[in-house]
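Naming follows writing order (A, B, C, D, E and F), and every chain is counted from residue 1.
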């Protein structure tokens, strides 16, 4: 556990030191969401129809763009090889880093989402479902993303390759998340989708750190 | 001109050396475009309504994500400071790099766009307008983007900050591009928008390389 | 015979499908053969460079 | 025990190269024969469908290639896992040689599916669960291939792409059960139902024969690819020199 | 404590290399540029897998007894492994905690010893090349492993710094530690030279 | 050919430093870690602006006559400025062409001289630390500038390589060139030492 907390606190400290980076994913989320009304000739009915998809896709892209920060800078300055060589279980270290990443992106995005949703003519009584899907979905995004980053961190300009690798894995989460929000607007029951999202979260929580550790050991060779 | 061609050829060679990287922005474009029908419960009428915005926003994001490759790796391995110190005008070098970037992203995206448009139920007779807007718009995106990259290249994890800086500048292009496509579907005349896009292109072609050079000199200090 | 090629009005779909299938299977056969030639050529060249 | 010893020998690159080389001609001949029979039965013997007319003949390539797209993925992930756990080089070679073949089957399933969908559903493409997940499968294959190509060192590339292949396995059950979990446009299980298949024998026969032919085709192409990959990988060993000598006196 | 070895990339760098080290010995690996020194060190610390053969530690293959080996070994490579956004002190604290040392006195002493006491609150990004290298070597002082593996520890370090580090190497060897290092310059202290085994690549 | 100077970050590293260099001279800048050697070199080549004072080249401030100064000066910093995805040869070709040299003979000679002839088709990412450093120094041979500014040119380079480079420095000085370098080790050749001016920081 020392490993988890040390790394978690280190990464949070690093994020706080650059306060601008902390708000960057947030700002990106806000900007992309507001691109849509601009690109469309928008009236509020079409907007509402789009709102779930736009919110979820923007959250997904914001997470994805910030993923690299989990390992890239550690790789470049050589800290990563030191972490791999440390005598703590690597998956705990990975878990610490992923948790820190989620706290500085997914969690903040989720907290931010109600305000943006309202701007897209989203009905206030359904905000809770939106927040729940994001709360269950974004940690899964960070966890799966960490596998992709670990696989590409040794490559120069891995950025877009990373997107290619993990987007296919993100799609199911997007579909469940967005359709749950969509259905809740239509007044349907969405417990099933929420359970599925929770199941995906638990699954990735138990498996992803191991896959990530294995990937790190391979790519550092 | 030696500087321009040398750098252009060097960068194209670098891109070709990693053939997978060449198709990466393309793959990203394809994937993001297909995220939308997934996130929406889509029938072909809503899709068509969305198509222009989705295509343009995806092209914009694909360009944006690949922007870093213009300067980042040169910065990290120290080539950039050597280029800045070389006795050729820096703006020619910059222009060579940006042109190479556009050839490997914007141009390819544009060539790819008709196929994707068809999958979004886009009417075939309007494809030419879509291609024209992209052909005029994407070089502007690369040019403006290079300023942003030059400003952020000295920062670690500049990725999202970059997005934040250049998205506001991208918005006018997005609006003209998407609305031209949108209007052409409705059978309206779009010559005005196309002239505007062309004007923006010429403007950025003459100004952006200088701004980028100045930015590089500042951030390298 | 022409009726066979006509495929009850679905000629385009059916024959494109079969054509694509044929093309893709063929590519899968050709690629390893090309690779074989190139590999053997490279290996021979490398060996001849090593021996003298 | 004999079987085990066979596999053990087979896993040595040199033996694999030899045995595979001698197996390929036979397998290829069988494949060709089955393909011809399948095509004959499918195009000439089988009667038109009472609902879909002649267009259903696309099935004889669509369904085998769709099945193969899933099967090849499982082979790829399985061999990748074997390679990672027991550090067997040949397993990695098989996994990485499977990826492009699987990708082409997936692509074929997508293309033939949409060629079938246009007359049946009136659209080239709809975003329903099975179609989407098959598209994701294509992206997964492409991802594995791109990752494999991105590394310079072969061993690292194989292992990294192998991990990705294993992670992507989750998609396979999603594709297979998608028609049951969500109500979609796509056909439910007609052939693979556990009780009697709900399809006429004169249509079933060519379908099964084509499926076997595709399977054998996969084996042939896989062995061909894997042989040259092995030769490349082992280029420093003596047996490769011997082999080259033998080829060009 | 180690045995036979292998290669890198497509070309074999060294083959059937084999040596044994016992407590209190220093192994100096020399060789021209590109002879495979870094490769060898990374194999010794378990970051690379040898093409053939294996590395033994206490008689066991390091791949099977990875956790013991990792606990008892410190590797310092070409790169420093420091976070530019944290201060010198914070970096050393994280490194200490990750290797099980929670004693602030040890950390403070190390900073003083390395001549970084006055710079402890500076961000590492603002330190000079040599100061950073010193801080990286601070890992050795807070972890107290048996086996030290150092890849050109003296790069960018001035003469004073070199002196300090060689003194540390001597006391480590006297305390029954083992050191493996590469360096293009000869070792200056006689106490080091007498305990030194040299392996030349190519 | 240069004059007064300034500082870095928040702290002033050196002030009212001033010196003149004439053709055929070598300036060796020494000083402990963190004393501002890198900072000084970057000021000399125009990458940093001095806090106060200015650098003169042929009597003109280098900020106003930047293009002459850039043409006649080559800087090699801590980092090598090579593309890992291009081969050694391609890297040198690009560097040569950017500095106006289109002669393949010069390029080939440089590769041979640096001992990289056999490695010319290897990707730079696969070269060792020392081989990369040698290739970076190849810039000096293809550009033929008057002023060479070298930040620890000998890092990671073996004894042979050091010899080769020192020989180049000598012939450059004999051809009326100017060299400014930092290095923690003393120069070994007497021909260099006799032309050498030393500036110690702090």
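Assume a residue touches a chain if its C-beta (ideal position, glycine included) is under 8 Å from a C-beta of that chain, and two chains touch if they have at least 3 such contacts.
The model shown is predicted, which means the values in this text are computed figures rather than measured ones.
**Q** If we look at chain D and chain E, which chains touch each of them?
**A** A, F
**Q** For this structure, which two chains share the highest number of contact pairs?
**A** Max contact pairs: A-B.
**Q** Suppose you list every residue number at the chain E-chain F interface; are over half of them used by both chains (same) or under half (different)?
**A** Same; most numbers are used by both chain E and chain F.
**Q** Need the most distant chain from chain A, centre defined as the mean of C-alpha atoms.
**A** Using the mean of the C-alpha atoms as each chain's centre, the farthest one from chain A is F.
**Q** Which integer distance in Å separates the CA centroid of chain A from that of chain B?
**A** 25
**Q** List the centre-to-centre spacing of chain C and chain D in whole Å, with centres computed as mean CA coordinates.
**A** Chain C and chain D have C-alpha centres separated by 16 Å.
**Q** If you average the Cα atoms of chain A and of chain F to get two centres, how far apart are those centres in Å?
**A** A distance of 45 Å separates the two centres.
**Q** If you average the CA atoms of chain E and of chain F, how far apart do the two points sit, in angstrom?
**A** Distance between chain centres, rounded to whole Å: 30 Å.
**Q** Which residues of chain C are in contact with two or more other chains?
**A** Expected reply: no residues.
**Q** Where does chain F touch two or more other chains at once, residue-wise?
**A** Those would be 78, 84-85, 126.
**Q** Give me the residue numbers in chain D that touch at least two other chains, ranges are fine.
**A** Residues 132, 139, 142, 146, 150, 152-153.
**Q** Across the complex, what residues on chain D touch chain C?
**A** 43-44, 48, 53-55, 57-58, 61-62, 65, 100-101, 104, 107-108, 111-112, 115-116, 118-119, 217, 221, 224-225, 228, 231-232, 235, 240-241, 244, 247-248
**Q** Okay, in this complex, where on chain D does chain F touch?
**A** Residues 152 of chain D touch chain F in their complex.
**Q** Tell me, which parts of chain D touch chain B in their complex?
**A** 123-125, 127, 132, 135, 139, 142, 146, 149-150
**Q** Help me check something: in the complex, which residues belonging to chain C touch chain D?
**A** Touch residues, chain C against chain D: 4, 7-10, 13-14, 16-18, 20-21, 24-25, 27-29, 31-33, 35-36, 39-40, 43-44, 46-47.
**Q** For the complex, give me every residue of chain F touching chain B.
**A** 45-49, 67, 70-71, 73, 75, 77-86, 90, 94-95, 97-100, 139
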